[in-house]
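Have a look at this one before I ask anything.
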Amino acid sequence: GGGDEEATTESDEQTGTEEVEGTDTETEEATEGTELEGSVVVDGSGTVYPLMSVVAEEYMYTEQENVSVEVSRAGTSAGFGKFLIENGTDFNNASRQIKDEEQAEADTVGFEVKEMKVALDGLTFVINKENDWATELTEEELIRIFKHDGGVTKWSDLRPEFPDEEIKPMGPNENHGTYEFFYENILEKEDLVDGVNLQQEYSTLVNLVSEDVNGIAFFGFGYYVNNQDKLAAVNVDFGDGPVEPTLETIGEDAEYAPFTRPVFTYLNVDMAKEKPQVLDFALYVANNVNDFAGEAGFAPLPDAELQEYVAFLEGLK
Amino acid sequence: MALASEKAPFQSVGEPVQNVQVDQKVVYGTKDLNLWYGKDHALKNISLDIYEKEVTAIIGPSGCGKSTYIKTLNRMVQLVPTVRISGDISYRGKSILDKSYKVEDLRTRVGMVFQKPNPFPKSIYENVAYGPKIHGIRNKKILDQIVERSLRGAAIWDEVKDRLHENAYGLSGGQQQRLCIARCLAIEPDVILMDEPTSALDPKSTLKVEELIQELKKEYSIIIVTHNMQQAARISDKTAFFLNGEVVEYDQTDVIFSNPSDKRTEDYITGRFG
Amino acid sequence: MKYVDTAQVQKKMNTRLVTNNLAKSLFFVSTIFGLIVLAVLIFRVVSEGISWINFDFLTGKLSTNADRAGIMGAVLGTLWLMAVVAPVTMLVGVGTAIYLESYAKKGRLQSFIQTNISNLAGVPSIVFGILGLTVFVRALEFGNVVLAGGLTMSLLVLPIVVVASQEAIRAVPAHLSEASYGMGATKWQTIKNIVLPAALPGILTGAILSLSRAIGETAPLVVIGIPALLIPFPGSIMDRFTILPMQIYYWTIDSALVAEYANLAAATIIVLLVVLFLLNSIAIIIRNKFQQRY
Amino acid sequence: METNSALNEGNAVNVRELIIEKKSKRNITNVLEKIMPKVLLSIAMISILTTVGIVLTLLTETVEFFSRVPLIDFFTGTVLKPLSQNPEFGVLPLLTGTIISSFIAMFVAIPIGLMTAIYLSEYASDKVRRLLKPMLEILAGIPTIVYGFFAFTFVTPILREFIPGLQATNILSPGIVMGIMIIPMVASLSEDAMSSVPNSMREGALALGSTKLEVTGKVIIPAAMSGIVASFVLGISRAIGETMIVTIASGSSKNFTFDITQSMQTMTAYIVEVTGGDAPAGSTIYYSLYAVAMTLFIFTFIMNLLARYISRRFREEY
Amino acid sequence: MALASEKAPFQSVGEPVQNVQVDQKVVYGTKDLNLWYGKDHALKNISLDIYEKEVTAIIGPSGCGKSTYIKTLNRMVQLVPTVRISGDISYRGKSILDKSYKVEDLRTRVGMVFQKPNPFPKSIYENVAYGPKIHGIRNKKILDQIVERSLRGAAIWDEVKDRLHENAYGLSGGQQQRLCIARCLAIEPDVILMDEPTSALDPKSTLKVEELIQELKKEYSIIIVTHNMQQAARISDKTAFFLNGEVVEYDQTDVIFSNPSDKRTEDYITGRFG
């Protein structure tokens, strides 16, 4: 059924494009009409990258042709490394909140940092398509699989009716905010299980799980949505029955809330004051990011929250 | 390739440049041999009989085809991919240009000594034992005997008997050349082809090799290419003079040097050119 | 007394010839093995990518949307990179070669430089990336722009040009320069008027081969840092840039995000291979056509 | 001869006088003659500077690294968890990854490369050689990123058909592909070594009735041995330094294992991972990058010196 | 390098191997010349005077130092880095081994023609104009005159005048060699050194070059190395016989060939070795 799947992805793409086109007309009013130029440098989270790159591209095509928004994706922590220096990057995308020591570093260098949530992500656990037993797991079972002393090495350790085969837990490595969110918020800073396979590239994880019936990995919802033909998501039981991660269930007050996290971009406010194109792009993000979220596999933020950012940014002009 | 189908082990008289009387066995018969390197016509209508247990010298100016001819006799010339041959060469009555004639076989019967001594980068012993070994002789005692006899045959035994297992490159040029002759003797050839075997040697070594050749002709038929006319005069029984790929004259050596019938031979011998 | 038994030799002869023929087949198959892999590789790449190559793809801007993504930016970035690498390596490479072949006295310094060059040729490209990052990007504060990437690549391919130029210079027969000296020409006159013109085809061949190495390298630029999304075209050596192999790299690892990226990567590989093939053909033509036979 | 009279009659120009007259004005020639050696020497020094630059760059940061992580821990540690809360910096996982992948590569490249060299140098006709050699050299010219793609999307899936336990990312597949990439290098250098054995050697052996196989095995290969071995060493050095193929096809697990079906990381891939993340300057992981690079540099440096030494020391005098 | 400080423009008689009467101007005086390639003693105590407007031939077996000697005369030998020299050579009375003597100057006065024709891979015109150009003559008209006169002087003008701007490699070997002589004449040398100038040529071209040499000696002093004794006999006025880096005999050519005083000269001339 390869052909079928291809067809699905294609039509997905198309709907995506239409949505984007729909936004064009809306945002045109927001433009000031002034021609800006120069560059905006964005780095950071690989999870946020798909969202920010689409936003940036659309901004360049429809708003400011002469502004170059460069988006890289070194990972959240590494991105902060480039952000928290003099004349560093303008934005740093993050799939976790800035840490205290990072904030302190910004103070030392001497610039103001503005945190902006850009979307909501659901931490998704994916398994092989052939895996027909672990399609529904409890939150606690998932934690036991990944935790250092969870006492689980085989599926049958989890539930006796599961196969007597070794579990292959995987995830993004420590370069990634996704790892840190998982480590800090879900494992509550307990070590990961010994044999866990941590990878730099999400594509590697997708491949590993799609080829290994005993594999289970966690990453952002977006990487699952784009690979539904190869992977299945675990429906998580947080106590009230299994919840499938979807754009509807992901949300700070929705059913998938325990594994929902906001993703951010951090703005160097001093840069925004200095360079009009940085501020303009920040405004564009705040005004339009919700229109792109679904396409990139994120749940949208409440409008009110985004309007706060708009107000703040307008104030910098 | 071999166009001429008739085989003439004892070539009848009447060939233009052959005034040699037939009183000995013919080893090599060459008839209407033509050879091209690509478009380059290097041998033209060579007809020539070579006789047993004699030294036959081939002389001529540079580029006249001496090496080409001698290399045709053991088909080494065919290592050059562009070579085309027509005509016929028979060795002991059998046409060697025939596809069915195995070159490896021919070359075990026809040894060759080259212009520059070319020992293998191995020990003296291994150099001489190389031939017998590839032909399947593994018995150490027999090999020892072959090596000694060959080195004696090449008049170099006394000089190397104490260093048989040293690298052959430690020898002087003249010794190396005699080693190459020994290597050739080790497979007990019938004919030995020599392409300017002394041209890279000093006068003393040259003398030694010349003496050796005189000795060897009792057992073997020898064909030698040389650019040194005095050498040809000194050691050969018959001499063929090549020019531009043709045999100008082929006769008893003393006739060639004292009373050549062709003006070009005389010009060459008296050093008008070359 | 005969030691060599002719009958025995005859008997062995056939086995030897058969062995020889078997070995020959084995050697041939080995040679062909590499070519088969090459064919498979090219076939796979072409079948995945060829239908994605069209005018818009070649001339379009980069995009996250696979359907409208183009590689003009990467092509131009590659050209800009060549614009730095070509003159720098030619100047430094040929200069070094002339020094080593014509001026350096045989001795410590000469053999030190020579050893050093052959060692540089073996230093992993990623180490050059670290050098470029530390020196050009950071210490000299160029940032990750064409100039920094170009200089890094120049150092990386320098040994290729030096060695090729040395060989070309060495291949100029001594009797030509002797003739020049014999006329009372000075050393530099001889080098400039006789040696370099005669060595030029060889030097150019080396230079082109080094260029094709430079535009196919990825690792040093990964280290230097190339943005994943960079839409505007580079317009000078102080602009940020991307090149074809980097684009292939990003699209390959992002194929987990958008399946079509794998096709884009394959299409870009085709373009890169065509460019490399053209460069190498030019090198071969120069080598065959203009090489003087003295 | 009548032509010669021209020399005497048409003495319109006196070249000798002209030359003497011009000589006094030829300052530029003299200046160039003086400064060119110096200019060229300074250019030649750039290559030395490059090496110095590499060594200094790596060394300063490496020293800093070892002030934080003891040398012993680095070289004997089997656990590499650079980003972990309790980081550990054992380089052994990377070393085994590097050595195993290079070993697999050479396992492919040496036999096939050598046999290819034999075929090209001893058996192939000139025409065939001239056709095949450039085609093989294309293999060496293909960007490594393409090989990485090939290993990941083609070779691994095929291998998995035969090797059930093989991971989607593993060291075997990139090892094999690296080997294929190195074939032309081994073949080409070995072929050079074999074809530089003088033809007289070949002729000498053939004239004794040897078959080509015997000539090759008993005369040519022994004579070309140093060049052949040097080509192997250079091949290994190339495999050690190769980056993109392993980065793409072997993933980034820092397993300390000898199981080639597993994902492993090489030193080069580690450098890509860490610089790709551009770890903040000053962190231990940032310095670890340099320590690994230094190790890699020393590794390949020794290999290259070794190759040079072998091809020099054991160069046969024909 | 030059150990001998005394300069002897007109060398007195009394040197062991010099029976030449002093009736002409000496161009080159060589005294106690020794030359080493590294440890290899290639020239041993050479003392030899060479006279104006004569052809002086140097003969001897391969490797005896002929080329080395002739290359010492224009200091080309010093292109080999391992060379060490002692003794003295004076050209027109001035010691050329002296550091203060500029080689470029020496070489504009002493032309050289090599064994293999070595035209530059440029047009015929550019080949001849090369010398004048590097010495600063840029005027097109003057260059044209020089080129024509030199080509006429080398007896090749008629053959090439219609193709002056074609590549010199299109010429035959003999023409190339005469072109090289023309190139040499273009800077109006005083002496012409020739190292086996005909050894790569066919008989016809050899004849042409030999005739040319006879013509040139009216204007120039010529020193020619040859391995062809007949050639030396035909064209030279004086002949020096070298052996193992030593001058065995130096005399009028007819004396050397008809009545040599040294047994080794006789052996060589009658072809006992070499």
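Going by the order they are written in, the chains are A, B, C, D and E; count residues from 1 in each one.
In this text, a contact is a pair of C-beta atoms (placed from the backbone, for glycine too) under 8 Å apart; a residue touches a chain by one contact, two chains touch by 3 or more.
Because the structure is a prediction, the values reported are computed rather than measured.
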{"item": "Common touching chains of subunit D and subunit A", "value": "C"}
{"item": "Two chains joined by the most C-beta pairs in contact, as defined above", "value": "C-D"}
{"item": "Chain centre separation (subunit A, subunit E; CA means) in Å", "value": "85"}
{"item": "Rounded Å distance between subunit B and subunit E, as computed from the means of their C-alpha atoms", "value": "38"}
{"item": "Subunit A and subunit C: spacing of chain centres that average the CA atoms, whole Å", "value": "39"}
{"item": "Chain centre separation in whole Å, for subunit C relative to subunit B (CA means)", "value": "49"}
{"item": "Subunit E, residues touching no fewer than two other chains", "value": "108, 135, 187"}
{"item": "Per-residue multi-chain contacts in subunit C, two or more chains", "value": "16-17, 186, 189, 225, 252-253"}
{"item": "Per-residue overlap in subunit D, given as positions that touch at least 2 other chains", "value": "29, 152, 211, 214, 276, 278"}
{"item": "Interface residues, subunit B side, partner subunit D - complex", "value": "74, 76, 79, 81, 104-108, 111-112, 114, 116, 118-122, 130-131, 134-135, 169, 180, 183-184, 187"}
{"item": "Subunit C partner contacts - residues on subunit D that touch it in the complex", "value": "29, 32-33, 36-37, 39-41, 43-48, 50-51, 53-54, 57-58, 111-112, 115-116, 118-120, 123-124, 132, 134-136, 138-139, 141-150, 152-154, 180, 183-184, 187, 211-214, 234, 237-238, 240-244, 248, 268, 271-272, 275-276, 278, 289-290, 293, 296-297, 300-301, 303-305, 307-308"}
{"item": "Touching residues on subunit D, where the partner in the complex is subunit E", "value": "1, 3-4, 6-7, 10, 12-16, 18-19, 22-23, 25-26, 29"}
{"item": "Residues on subunit D engaged by subunit A in the complex (per definition of touch)", "value": "82-85, 152, 160, 167-169, 251-253, 263, 273, 276-281, 283"}
{"item": "Interface residues, subunit C side, partner subunit E - complex", "value": "105-106, 173, 175-176, 178-186, 189, 193-194, 197-198, 292-294"}
